[in-house]
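Labels A, B and C are assigned to the chains in the order they are written; within every chain, residues are numbered from 1.
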Amino acid sequence: MNYSMVKRLILKDWYLQRIAIAASVLGGIGALGIVCLGGQAAFMAGLVLLITALIAVGAHLAIATMVNERKEQTLSFVMSLPISHAEYTLSKLLGTLAIFMVPYLVLVFGSLALFAIPHGVPHGLLPFTTIMAVEILLNTCLMIAVALVTESQGWTVAAIIVGNISINIVGYFVAHLSGIARGMQGGSVNWSTTASVTLLVEFGLIALMLGSTFYFQSRKRDFL
Amino acid sequence: MHSDLVISQTDGRPMYLQIMEQIKLRVSVGEWAAGQEIPSIRQLAVSLRVSVITVKRAYLELEREGVIITQHGKGSIVAPDAGLGPRLHEEELTEHLERAARLGEVLGLSKEELAFRLEEASGRMVDDRQPKEME
Amino acid sequence: MMDLTVDFKGVSKRYAHFNLDNINLELPTGSIMGFIGANGAGKSTTIRILMGLVHQDAGTVKVLGHAMPAEQAAAKMDIGFVSEDMRLYAAATLHWHMNFVSSMFPKWDQAYADKLIRRFDLKPQQKIKGLSHGQRVKAALLLALARKPRLLVLDEPTTGLDPVARREVLGELMAVLADEDRTILFSSHNTQDVEQISDQITFIDRGKIIDSDNKEAFLDQWRRLRLVLPQNSEVPRLPGVIDVGGSGRLPVLTTNRFDPGMLTVCQDLGATVQAVDSMTLEEIFVSSVQHRRETVAV
């Protein structure tokens, strides 16, 4: 694996997505502002907005960096470069996730800051927020995986819709899990086993998704 | 690179023959002197935008006819011995006569008729030249 | 032992509606091969297998000594590839593309790239989406040529170019061959271009290679014999004649194995040889395909 080639491919995608990255950061900061209006209702509303915004960013990236390579017919240009299929796959996975991390981390740290300030968000919501944050990451990994393996706009949009719906379902489900619902109202953090297990499952799924992407990509016999 | 030789797309003859003819012409009028270095096969191919294999064939034929000599690894030169001019014209005459003979056959002319036509043509040439000589 | 830049042995690939069947191809280093075939004949598939973009179902592929598709990253270090359906990034400039490509190819020659910019009349600061079709083709060629590849693989390099641009491109391709270690494989509908600059020519039809030889051999061996037959006479039967056209007393025989002895045979049989026409590569190709489709049960 030629990592300097992978790096150059990632930088290429960063350059091509530079405007989208900047816009998403600004948009994210704006969404945080709404959350700052205070109160639990505003927090929930802001949270939904942030989640939607992040899903949109992830969806856009999945399509722009992967589906479009085939649609815009630049894939044969990229594959004419001295790279293997595995290096292409790695650059897309790492690169797109890294690009996604920019607005994602801005929002994650912004949200954590809201917990830290006095009269900010009640700390009881921390486990739930963390779980949802990782859920968003998981959802983005799904969109990236589908976009990369299928290179099809149709399948990717389907994954986006499924992901969007499932985040809502998961959010509802997790919020009502006994181990988590109990601690949500309180002012102090309550890391129950349920919360920890949920997080572990989420990270496990992320690893599984990335691993199977590599697997399916390596089995492709027709790259073009 | 702008080439000395100019190859015609519409000339029906094979490319390698055109190249040979042009080279022989240059040699016969003295533009490419005896013993002078000529472009290598690849160089000529590039400047004419013609395949290497065609130029190679032309050079091989020219070497067989004694017009050029290819020194292995050192490129090609015009053959040092002179007398190409008359030989070139000999070849051209033979070619034209053979073509005339074929056409004569198609037209159904007899050998005598064909010879008569040649005499006529030769006579016309002399007539064309007369006015100039009278000046 | 001939030094081969491209070596296909028994390559096959099955698709739902199309099969590439037992492709054998040898491209010696320092030569240029023209690849001619109808649309859908298998040219693009063969080229993609060459580039490691498609994995063959059977057979071995070696490019510049590397087995494909396994060693494609190493092989592509020395290959410049441009295909007709390839696009550059529309939102970026040619200058950005040059920087990007040069960062991946150590042999990139910036002085040569600058020369090509002038010769092809391109503006580096212009975005790709603002370029005409011809300019985009030339830009892609520039990016392939300036990396000084040992092998150039071109799928329809002159399609859609105006005559002046075509001549420029052909000139640059030939200039590549000034170095006898560099090789070119190109596929084209433009049989005139192929006829002019190719050393080797390969015909492909319906997934099979139907003929492959050096250009001079093709042009030497194919002829049209125009005969004038005497009254009540039959068309002479000659070996190597693959088509008989024309009319009753004025048959036109097409042969792919011409020998001057054929003329004597015709004359001995009472026919007059009115003309012996050479054939253009296009005529040869069309005749080859027609002959094959008639004689092979498809």
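Just so we're on the same page, contacts are C-beta pairs under 8 Å (C-beta built on N, C-alpha and C of every residue); 3 or more make two chains touch, one makes a residue touch a chain.
All values reported here derive from a predicted model rather than from experimental measurement.
If each chain is reduced to the average of its C-alpha atoms, the one that sits nearest the average of all protein C-alpha atoms is C.
Interface comparison, B-C versus A-C: the higher number of contacting C-beta pairs is recorded for A-C. For this pair, subunit A with subunit B, the centres built from the Cα atoms lie 76 Å apart. For the pair subunit B and subunit C, the distance between mean C-alpha positions equals 31 Å. If each chain is reduced to the centroid of its CA atoms, subunit A and subunit C end up 47 Å from each other. Counting partners per residue, subunit A has no residue that reaches two or more other chains. Contact residues of subunit B toward subunit C in the complex are 9, 12, 14-16, 42-43, 45-46, 49-54, 57, 105-106. Those residues of subunit A lying in contact with subunit C across their complex are 2, 5, 8, 12, 15-16, 72-74, 76-77, 79-85, 87, 221-224. Interface residues of subunit C facing subunit A in the complex, by the touch rule stated above, are 48, 51, 53-55, 69, 72-74, 76-77, 79-83, 85-92, 96, 100-101, 103-105, 140, 144. Residues of subunit C that touch subunit B in their complex: 30-32, 167, 170-171, 174-175, 177-178, 180, 192, 196-199, 214-216, 219, 228, 272, 274, 278.
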